[in-house]
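Can you read through this structure? Questions will come right after.
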Amino acid sequence: MNKVFEWPVRVYYEDTDAGGVVYHANYLKFMERARTEWLRALGFEQDQLRQDYQRIFVVRALSIEYLSPARFNDALIATAEITEIGKSKLEMQQYILSHERERILTKGQVQLVYVHSESFRPQRITPVILDAVNNPL
Amino acid sequence: MNKVFEWPVRVYYEDTDAGGVVYHANYLKFMERARTEWLRALGFEQDQLRQDYQRIFVVRALSIEYLSPARFNDALIATAEITEIGKSKLEMQQYILSHERERILTKGQVQLVYVHSESFRPQRITPVILDAVNNPL
Amino acid sequence: MNKVFEWPVRVYYEDTDAGGVVYHANYLKFMERARTEWLRALGFEQDQLRQDYQRIFVVRALSIEYLSPARFNDALIATAEITEIGKSKLEMQQYILSHERERILTKGQVQLVYVHSESFRPQRITPVILDAVNNPL
Amino acid sequence: MNKVFEWPVRVYYEDTDAGGVVYHANYLKFMERARTEWLRALGFEQDQLRQDYQRIFVVRALSIEYLSPARFNDALIATAEITEIGKSKLEMQQYILSHERERILTKGQVQLVYVHSESFRPQRITPVILDAVNNPL
């Protein structure tokens, strides 16, 4: 039912470290790019959500396993998939895969909370978003 | 027995995002700074470990809860504490605290593996390091 | 003669700062992405150059003017254009433009040197690269 | 007359790239840390400037020469020195030096403009700041 959204990511020098591989914190950036593009694919622009409703999604918790390193110039795929929907929370599973999808590089779980952009207090997810998340095209 | 190591962190513009708070992936950088300084305080320089033994510590898994946001110009404390010692693995608990220690901003668990710097294969932790980790001054 | 190469860049949270705009150092990342993709379009993969010839391009000098700020979620264009070719040096002009190209956000000059990947000593640019740079398709 | 302000910088993995050296854009972060700490040493907190006066300093132009690479774990010094003071502009010269000051790693010029934090329009520098900049202790 919940489809897996995929977004291509290229590894540039900015993403790597002196170990010769992608710096561990930077996979979180790749994951966020995939979530942003997933929301956009559902029809939602986060700058509009903020302007129109004073709402943003923030990361409340995150866990990630590093299974295989990505290197400079690699073409990767970042995935995003809803695993649980609450009143103000979304749980997502996200993978970083090699370009040919034959290797899982990282495996992550992310808990997002929908909050007011100033107070950071949890808010009910706007119904049109909830609908779109529940019924992706 | 295992003492909590503390390292001061200042929040600069580079660490923040347009939400007005520290970007979620950047807390991982603060945590790594604290681990690096904890190893240095025990007497180990990671560039020397790499040169002398071809060994590096890599992050194998990580989980983090975001409890309260840090903002531009905040003075923070990043902690590092060993919670488990294996043959080639270390488990650490790490907090990011407000300067006065009255607020926990993030709470994280990090699993480190001691690997060969080229093959990234797990290796037994060098005995002098294991000794130092077990018996901090 | 020298065509202007263009590469699309999307602004994510990772790129912004608490001022609400793209952090000034991050435009340099956008510029490097464009240079990397320009080289790729000419047929050169930098990881291959490094492996096959032990050669990398490094930034020797850079100047940038910040004319108009980019914001979260903006779709931008990063350009790359050769302005001078030396034995071991390339001079490039690079712009960051708004998506519709009606606004110049930043204007930069970058001097690249072709160096040995270990010694960082300048080297004559490999002839096939020089040919491609001089005669882009 | 204008003293050179110095701020220590340690190179962590986050700062390096797969070339084994500090990623070129990250020296700009080191330079900004030094500017922030220089302002703080003069008695000004940028979050207070923003809150009290709706003013921020932004980088209007920047040029940098990369003379010698910094590596993982290096202890560096970032300097900041005023070279010109205008109504709404400051020109600064900034170096990144090796710990023992015997090597210049980068040499940079930065033009800062004092702007309104919302409109980004140039503003006269607040007199107390101008006084402090002109007469450092």
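Each chain carries a letter (A, B, C and D) given by its place in the written order, and its residues are counted from 1.
The rule is short, and it goes like this: a contact is a pair of C-beta atoms (placed from the backbone, for glycine too) under 8 Å apart; a residue touches a chain by one contact, two chains touch by 3 or more.
This structure is a prediction, so every number in the text was calculated from the model and none was measured.
Enquirer: Between C-D and B-C, flag the pair that has more C-beta pairs in contact.
Expert: C-D
Enquirer: Centre-to-centre on C-alpha atoms, which chain is most distant from chain D?
Expert: A
Enquirer: Using mean CA coordinates as chain centres, what's the gap between chain C and chain D in Å?
Expert: Distance between chain centres: 24 Å.
Enquirer: What is the distance in Å between the mean C-alpha positions of chain A and chain C?
Expert: So the centre of chain A lies 27 Å away from the centre of chain C.
Enquirer: If you average the CA atoms of chain B and of chain C, how far apart do the two points sit, in angstrom?
Expert: Inter-chain centre distance comes to 33 Å.
Enquirer: Where does chain A touch two or more other chains at once, residue-wise?
Expert: 13-14, 19, 21, 25, 29, 32, 71-72 - these are the residues of chain A that touch more than one other chain.
Enquirer: Flag every residue of chain A that touches chain C in the complex, lowest number first.
Expert: Residues of chain A touching chain C: 10, 12-14, 29, 32-33, 36, 45-47, 71-73.
Enquirer: Taking the complex as given, what residues does chain D use to touch chain C?
Expert: Per the touch definition, chain D meets chain C at residues 19, 21, 24-26, 28-29, 32, 56, 58-66, 69, 117, 120.
Enquirer: Inside the complex, what are the residues of chain D that reach chain A?
Expert: 13-14, 16-21, 23, 25, 71-72
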